[in-house]
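Below, each structure is written out as structure tokens.
Below, chain A partners chain B and then partners chain C, in two separate complexes.
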Partner chain A sequence: MNYFTDAVAWLLDPAHYPGPTGIPARLGEQLLFTVVTLVLASVIAIPVGFLIGHTGRGRGIAVATSGGLRAIPTLGLLTLVALWIGIGLGAPYVALTVLAIPPILAGAYTGFEAVNRATIDAARAVGMTELQIVRHVEIPLGLPLLIGGLRSATLQVVATATLAAYVADFGLGRFLFAGLKTNDYAQMLGGSILVILLALVLEGLFAGLQKLVVPRGVAVGRPPVDRKASTRRRPGMEPAITKGI
Partner chain B sequence: MIEFRSVTKEFPDGTLAVDDFSLTVPSHRTTVLVGSSGSGKTTLLRMINRMVDPTSGTIEIDGVSVASLEPVKLRRSIGYVMQNSGLLPHRTVVDNVATVPLLRGVPRRTARADALRLLDTVGLDRAIADRYPSQLSGGQQQRVGVARGLAVDPNILLMDEPFGAVDPIVRAELQQELIRLQHELGKTVVFVTHDIDEAFLLGDQIAILREGGRIAQLGTPAEILANPADDFVASFVGADRGKRALHVESQDGSDVLVDSDGRPAGVLVGQRSGAGPSGGARSDVPHIVPTEGPPR
Partner chain C sequence: MFTAKKGRLAAVAAVAVGAVVALAGCASSNPLGTGSNASSAPTTLVVGSQDYYSNEIIAEIYAQALESNGFTVDRQFRIGQREVYLPELKSGSIDVFPEYTGSLLQALDKAAAGGTSDAVHDQLVKALPSGLTALDKSDASDQNSWTATQAFVDTYKLTDLASLKNVTEPITVGGNSELETRPYGPTALKDKYGITIAGFVPVEDNGGPLTVKALVDNKIQLANIYTADPNIKSNNLVALSDPDGLFFPDNVVPIVSSKVDEKAAGVLNKISAAMTAADLVSLNAQSVNDKESADKIASAWLAQAKLF
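Take a look at the complex of A and B:
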């Protein structure tokens, strides 16, 4: 009667676990699909983003292009590519790579742009080559924002990857499409819950990773002072204290 | 020796930052470029290590045109100290100091040991070696910046308003430290500032710049104070007012120097007794013993 309890029952039914169409296999496929898509998108977006961030050129084009890419309906693109290259995993890979590029690109170049210009200028003035500036200054300092971009790309891809099942026998989307066809709402909802759980787990991992990649020197200079100033001290006392530092 | 020959720099937006500038910077001395903003002083400094390339004219270091040198290699051979230290926030103090030696391929252990010694040189405790720049005070950061500038033992040290962002007490401390260091090391220092007091304190040779990098006057502090070239220089150095416009007043048989506001600035010693002015580096000016200054 209750869809939700039915879905939980479906999830807990041991019959849905073994084999290539079982829950673990589908979860694995979904995860694999997400990772491959992110790698494809990163290979394209990160170097371009670094180039834009480092040179400061082509930003306008990047913003316009990624805005355009974001506006493309993924299902429409998926159908289009599938009609063109045929049924199978090729079309979803293309469609979801297109979906993942804008946030990664934005993360890559905004990360570089967020680095203090004076720091980069000083690095150049003491004799770093452009490549060394990228490697030793811009990448480490811009990494948190790049990871942020990867994080939002991951979230979009892992959820939207259910569409891969539209044109291929692949991923958690199978449960949704199969359930839809047979009016098996327990299976549909169960599949959806699995997608949501996977997305939450990945989100949690990235949240942790994002904290982890903040360079220590940047981290130590920041949070303790802010936290104290905003929560432990009365607002009126702030200026007097911070001025002395 | 650094030589500017008819150097002009026009930026792409049409600003003429430096117009036909010529100057000889002697070796092992401190030359200060002083002027207000827009005088092109920082542009001039940055042309020495090719952070900026001149539109026309040449800059030579010991007879070699910098334009013929590879920028990265040139920069690694010249110390550079900037305002706000410009340290890498994600690297520790010792790694920051060792940055350039490591780029030049000095083994890590050697570079680290050298960097620790440089911390001593600039008056920093080795205990802060493993801290990050954000954990240091402004004054300490500037000292680290100086240590990094000295890390490759360069002949030339470029300093771009290095003490501009620290409070007056720390600034005075750092200035004295630089005088001591320069006494020990004898680098060719090119120092940019807008603070004429700092220029007089640190400079062996001072170039007072007007807009467009035109030299209003070039000389030692004493020469400039004694004979300001024109009204611009006189007003810039404050020779016509305040604590620089001193006159002698007799008080109880002793000559007291009084500034233009009537506040005593010091007493005149040495010349009255006939003995020459004693000791000071700039012995061509009367030696002034400061009195207790009025409360600030």
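Take a look at the complex of A and C:
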């Protein structure tokens, strides 16, 4: 018996597709859960991160707090919140939002910090207000790092969102829990493969997005990344001019 | 030439190949297996337990009693659900396991007839594969049940599972995800009592605090809670009686391998004879309410029952 081929067979079985417990429905739930969690975490983390990044104040507290948040075991927090507000999606949303805040917060304030101080001084010198500096200088220039933070948060949330099934009939985690408890490893591995595929697709989207959001001026100013143009010299490939000297 | 593009392609390919190799490597053996420990000395008895605190307490009682009678015990507790440990038990890597007559019978023989606790024990003895024996059953039982709140029972004047027909609101049930496919699950409620279940909510804590809270919050109306659970009493819950035998009687019974000799069997039978249903509830209460450890609860019970 080979669990991997069994899992592929499980994934290809048309009986596992229709209805509210089918693979497309569960994939949709997992995606929906991930998106909602990211929105919740962003609403909290991005303004705070921008404020810290712009003023340079509270960075120590932010680092310590987000470090602390990262150390919280998600299942433990989920159980604790569920004991307080009851079963359903509320507790998983809280627990996963806590998981997603640190990388987004870090992305937001490091993005601002990475902006060249001279650029900001120049913006101030031409008479931009603080709000204009934030909106037209710091946010566009810091965006690639913020998207990087969102990307890392997405990856963590989409994989950990399987825990929603611990207290709710929701998401790809249902396949994992049901498979684990009934020795149905084909279902369990099939569910895991779906989580991995979803994570890879989202990762690909964010990789593309991260390239897109680099402001054109910044991209033009950067040296090209193509290695063919690198300065590394290979024997026999010296430019003709050096030879002539 | 090593261009950036080709390099990236090669990296992706390497990751993909690595992933396939890793998956294939773990594909053909039990991914949750911990390896066998078959070559232990003949006097060492391996005592196992389910991943269920109450079962662990009983296993600990067996282990301590066997130890004070001169046996060496290897504790393999909290193994998992029945699907996980049953193959280990059949293969002989576990020698003593506290089990529940009805549930084990249904796991071994899906077509089992059920009946009284004696009938179930007799059927279990016949259904066990060679090499495994069911010793005497105890009066203590820890049954699956469909449990509701007192308020829900009062509202619809419920007397037993059949009277769930009185309920006019949609009934949502909750429990571990494996409950959905168990022979006493939501489908069986429909088949045996004609009760339509509107939905199933997984709560993966074995009828623990999250399940109890879901019931009390009325997020679910029926939950699978074990009858020896002290939460039933402390939260004013009612395990609905089951006249048509949806659940089989689940008396505690030691399942043993051929390595368990007459002396050891005698020790375990004495425990089964001494343990009452009330004892089991109180053992569980010490764990749930007083947060005592299994070994303390076990030795206190053995001392109080004046065994060994």
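General remarks:
Operating definition for what follows: the second predicted complex is superposed on the first by the 223 of 245 C-alpha atoms of A that agree within 3 Å, B and C clash if a C-alpha of one lies under 4 Å from a C-alpha of the other, contacts with A are read in each partner's own complex, and residues count from 1 in each chain.
In this text, contacts are C-beta pairs under 8 Å (C-beta built on N, C-alpha and C of every residue); 3 or more make two chains touch, one makes a residue touch a chain.
Not measured: the values here are computed from a predicted model.
If you put the two complexes together on chain A, you find that chain B and chain C both fit without a clash. Contact with neither chain B nor chain C is seen for A:Ile72 once the two complexes are overlaid on the shared chain. In the superposition on chain A, contact of A:Tyr3 is made with chain C only, not with chain B.
In the superposed model, A:Ala64 makes contact with neither chain B nor chain C.
When the shared chain is aligned, chain C comes close enough to touch A:Asn183, but chain B does not. With chain A as the corner point and C-alpha centres for all three chains, the angle toward chain B and chain C works out to 160 degrees, nearest 10. Of the two partner chains placed around the shared chain by superposition, neither chain B nor chain C is touched by A:Ala207. Residue contacts after overlaying the shared chain place A:Gly217 against chain B, while chain C stays out of touching range. By the touch criterion defined above, A:Val39 lies against neither chain B nor chain C after alignment on the C-alpha atoms of chain A. After superposing the two complexes on chain A, the closest approach between C-alpha atoms of chain B and chain C comes to 24 Å. Those residues of chain C that touch chain A in the complex are listed here as 1-4, 7, 23-24, 26-28, 30-31, 81, 83-84, 174, 176-178, 180-181, 199-205, 209-210, 213-214, 217, 219-220.
Chain B meets chain A in the complex at residues 46, 49, 51, 72-77, 80, 82, 84-92, 99-100, 103, 132-135, 137, 148-149. Within the complex, the chain A residues that touch chain C are 1-5, 79, 82-83, 86-88, 165-169, 174, 177-178, 181-183, 185, 225-228.
Against chain B, the residues of chain A that register as touching in their complex are 116, 118-119, 121-129, 132, 136-137, 140-141, 215-218, 220-222, 245.
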